[in-house]
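Each remark here refers to the structure printed beneath this line.
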Amino acid sequence: MTVEMSVEVGGLRLRGPVVAASGTFGYGTEVPLLERRALGAMVSKGIFLRPREGTPPPRIVETPSGMLNAIGLQGPGVEALIRDYAPQWAGWDFPVLVNINGETAAEYGELAARLDGVPGIAGLEINISCPNVEQGGLYFGNDPRAAAAVTEEVRKRTDLPVWVKLTPMVTDIGVIARACEAAGADALCAINTFVGMSIDLNTQQPRLSFRTGGLSGPAIRPLAVHLAHQAARAVNIPVVGIGGIFRADDALEFLIAGCAAVQVGTATFANPRAIAEVNDGIAAFLASKGLPSLSDLHRYLPRD
Amino acid sequence: MFLLDGNMVARREVARGMFVLSVDAPQIADSVRAGQFVNLGWSPGPLLRRPFSVYRVDGDRIEVILKAVGVGTAQLLAMMPGETISCLGPLGHGFDLSPGPTSVVLVSGGLGVAPMPLAAREARAAGMHVTWVHGARTADELCTEADGDEVIWATDDGSQGFAGTAVAAVPDADLVLACGPNRMLASVASHWPDAQVAVETYMGCGTGVCLGCAVPLERGGYDRACKEGPVYRAADIDWSMLPAHLPYAISA
Amino acid sequence: MTVEMSVEVGGLRLRGPVVAASGTFGYGTEVPLLERRALGAMVSKGIFLRPREGTPPPRIVETPSGMLNAIGLQGPGVEALIRDYAPQWAGWDFPVLVNINGETAAEYGELAARLDGVPGIAGLEINISCPNVEQGGLYFGNDPRAAAAVTEEVRKRTDLPVWVKLTPMVTDIGVIARACEAAGADALCAINTFVGMSIDLNTQQPRLSFRTGGLSGPAIRPLAVHLAHQAARAVNIPVVGIGGIFRADDALEFLIAGCAAVQVGTATFANPRAIAEVNDGIAAFLASKGLPSLSDLHRYLPRD
Amino acid sequence: MFLLDGNMVARREVARGMFVLSVDAPQIADSVRAGQFVNLGWSPGPLLRRPFSVYRVDGDRIEVILKAVGVGTAQLLAMMPGETISCLGPLGHGFDLSPGPTSVVLVSGGLGVAPMPLAAREARAAGMHVTWVHGARTADELCTEADGDEVIWATDDGSQGFAGTAVAAVPDADLVLACGPNRMLASVASHWPDAQVAVETYMGCGTGVCLGCAVPLERGGYDRACKEGPVYRAADIDWSMLPAHLPYAISA
């Protein structure tokens, strides 16, 4: 039985529901082992307008069933991205979204304008887990108004599909989700990493040079499933589930919880074939249940 | 780069608490160059793979050398021959041993001996005279498998060979290759700016996608140890910003 | 070298910094293996004014390095607690705090009044991770005003030491921490479980009958260390660190991050000797560093 | 209740995919009663312990019987003799086999056979005639180690003994003891309200502190399977509220 795996997510038709998550797949040029046929789409490493050096080492630390990272959004800046990577992407058979980052809503808008219409760039993912310098460093994603402002600014400056990637450390993710939907997002991605800290007993200082880092991996999966479910219940646009997906069963939890697609991040570090295995496992599950297509999967979305 | 499920076939002790594991991994054994590494995973095991230099190659087998310094290395050493280890590699950019120099010194501290047997093999193939300088705290922590035309031992306590660090025991040569605690490599850098050193960093992916393995450069910015490294020209690294307190460094 | 392990936490002197966490130690009468000498204090299972049946099974599910629980605060009600357990506690050589729960601030206040002066009860821990029925089910702990209102109400009705246990799923834990401090808390406990969900692929429904549950265990430790650190930076009263402590090293991360003491929960399930091992391991660490007492441990609390 | 590090000494197969592990655990072997269980942990292993009925006792050893149904059971079955398993037990409240009844039927489905050998031993000690009724889907899934004065086999496909469920094959007796999937026990309850049944629930602690193992009661409220249970009078349980889809139930 062949299963129809394609899915429409926020203005993009993906051949399958498994997307490579930002920051865990570089610019798509590094991982040679991956079976690319399984990629629904790819989100590039987060980019700023200008080049960024990133944080000093140590940048990562392993934790129980997870890892903390503080890369500091190292990257070449948008011009180099357009020059060096977009032309390669233009030839690929899956869409590439660029993960955009800024310190002010205006910076996000400028990025959107610069990337609009560039061949090879199929869409934008707004990373709102960035400190808002105009609001004293509070994350954009923590405040529905700031999140909406960024989304609106980007929406105005581009015709590309706009996905907004939500931050998990908020009191009510539904409020932020609705604010972004109202501001013009085509899809939401839930969730980014949780802020965590690990202390080195020898130095009695944080292990990461940046002190805190973002927690990813299976440790956060139950939290991510809950938050993606809450977001999916709150809005009418598609939600892409992210957080600790290592195997097809994990992805299916998000899909059943109401997500249209999923992103796989940390898993790729442990298993460079993870995306292919997740994709194929979802197809096998659907086939075993006699479901002809992904869209026939039961979504668990009670609106009580 | 290959991803193989390798059979662990043997283990031997080469110094107090220091073991060599042999793993069947034909394509990696065929293609690995000195200074490259493999990223090992196993189940049940830690979330992330663990990077290890390839120590030797024996037919279809690669060898890695290690001590138990944490959870992962302890689990690897508790494995029985017959168990499976997933091997991703060869990874990274190894030593440059193209013909030209007539003599090379391989300087290693503790587990820094790891990439040296392959380096000795390639150096000899390129016609170089190989001096092997290996240091440890004390005699029984020296890796007994020396492999040079000339061998110099160094121990901190003087219990075998030269009394002092490996670096202090290095003779003159055209080329210096070094591996060991980052502290030791910083000292190599101050003596021989052109030395090739294999550094260690924490690693997420080993394949260049996570940017977790940042190596601070003298010219500013960061390289990826897993891609542009782990071997660097000693003077190219900003040693003041490279952490010196990784567990491996502690145990070396 | 003997190390001085005693510590003063919010009106109570504890002989050691390791406290049994609420809901993971019953009423202290069940775990016979534990070496009680190692207990700094114990917090009893959460109690309401009236008896509660709790939620139907399944109530727990294991997740990577963690577990979800939805016990539903099953318990006999405050009168039975006073009758059946307090008299036993009165004879013990460590203090017992009661974890109190309500649906309105007034209910918390009534509980505090009822427990005030009862022999065997050394203090109260307010669980503010309860839905506030007067605010449409939003957790008290999610809103600084509601958290302060509960704390104030309890403070007014009792002379017992009052610890407030913070909920982690908030945008800024420092704000809640300061609100509780200002309302009269003697100490803060950080943190309670995170809300999570796990989906059963066979039934395509949540595995827990209650749908969501609280995530505990090592998975959350890096998040808990960060939040406890944030809370400790925000206030001048002691903070008790909680979340995923299985070994002494884990507890030391919290202590270095600025906590005065710690609570151990889920670890007791996997290892009934966990509390003793954590306590003894802390003492051994201090001794190995040549520190004569717990109070000599370096606290990492930059206030930038 | 004891907490012991037990040496796993042997493993044998007793039905297709069904194995018995023997673990050295003297104090538990000495004190365990039929229907009680042990909570097993190992390293590296899952976070929580896994509950298993004690199957038999052999000198200082306890035996447990299991199939690989998930991560934990798969790991247990991959262990080699000589590895260590942490045993917490005996736990719970077992069968009441005080003298009185003259005959007992031990009814088990699949892995529900687990507590029956100890029950047979205690029943015989109390002077009862023991009928052993054991069912499975098909002949090769029947546990071959029958232990009754009289033995009745039942298979869903009729490939051995009675064609149908174990419950349908139960003869008359003074006392009925049952263990197996909760679905099967619910059927036992409807035939013999006074039967003693050993139920299964997910467990957090196994020692009564977490309230995770709630068993819904006919009279309302919940009991703890690990403390008041796992053995109950069949009619005391509210079967409609007890989940029937635990993995063990699927595999039985």
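As written, the chains take the letters A, B, C and D, and residue 1 is the first residue of each chain.
Basically, contacts are C-beta pairs under 8 Å (C-beta built on N, C-alpha and C of every residue); 3 or more make two chains touch, one makes a residue touch a chain.
None of these values were measured; they are calculated from a predicted model.
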Each chain counted as touching chain B and chain D at once: none
Gap in Å, rounded to a whole number, between the CA centres of chain C and chain B: 46
Rounded Å distance, chain A centre to chain B centre (Cα mean): 35
Separation of mean Cα positions, chain C and chain A [Å, integer]: 33
Multi-partner residues of chain D (at least 2 other chains): none
Sites on chain A at which at least two other chains make contact: 65-66, 217-218
Arrangement of touching chains [line / ring / star / complete / other]: ring
Contacting chain pairs - touch in the sense defined above: A-B, A-C, B-D, C-D
Of chain C, residues touching chain D in the complex: 23-26, 30-33, 45, 53-62, 65-67, 69, 71, 74, 200, 202-203, 209, 217-218, 266, 268-273
In the complex, chain C residues that touch chain A: 63-66, 68, 142-143, 169-172, 194-199, 201, 204-206, 212-213, 215, 217-223, 225-226, 229, 244, 249, 252-253, 256-257, 285, 298, 300
List of chain B residues in touch with chain D within their complex: 44-45, 75, 80
Complex contact set, residues of chain D against chain C: 1, 3, 41, 46-49, 88, 201-216, 220-222, 227, 241-243, 245
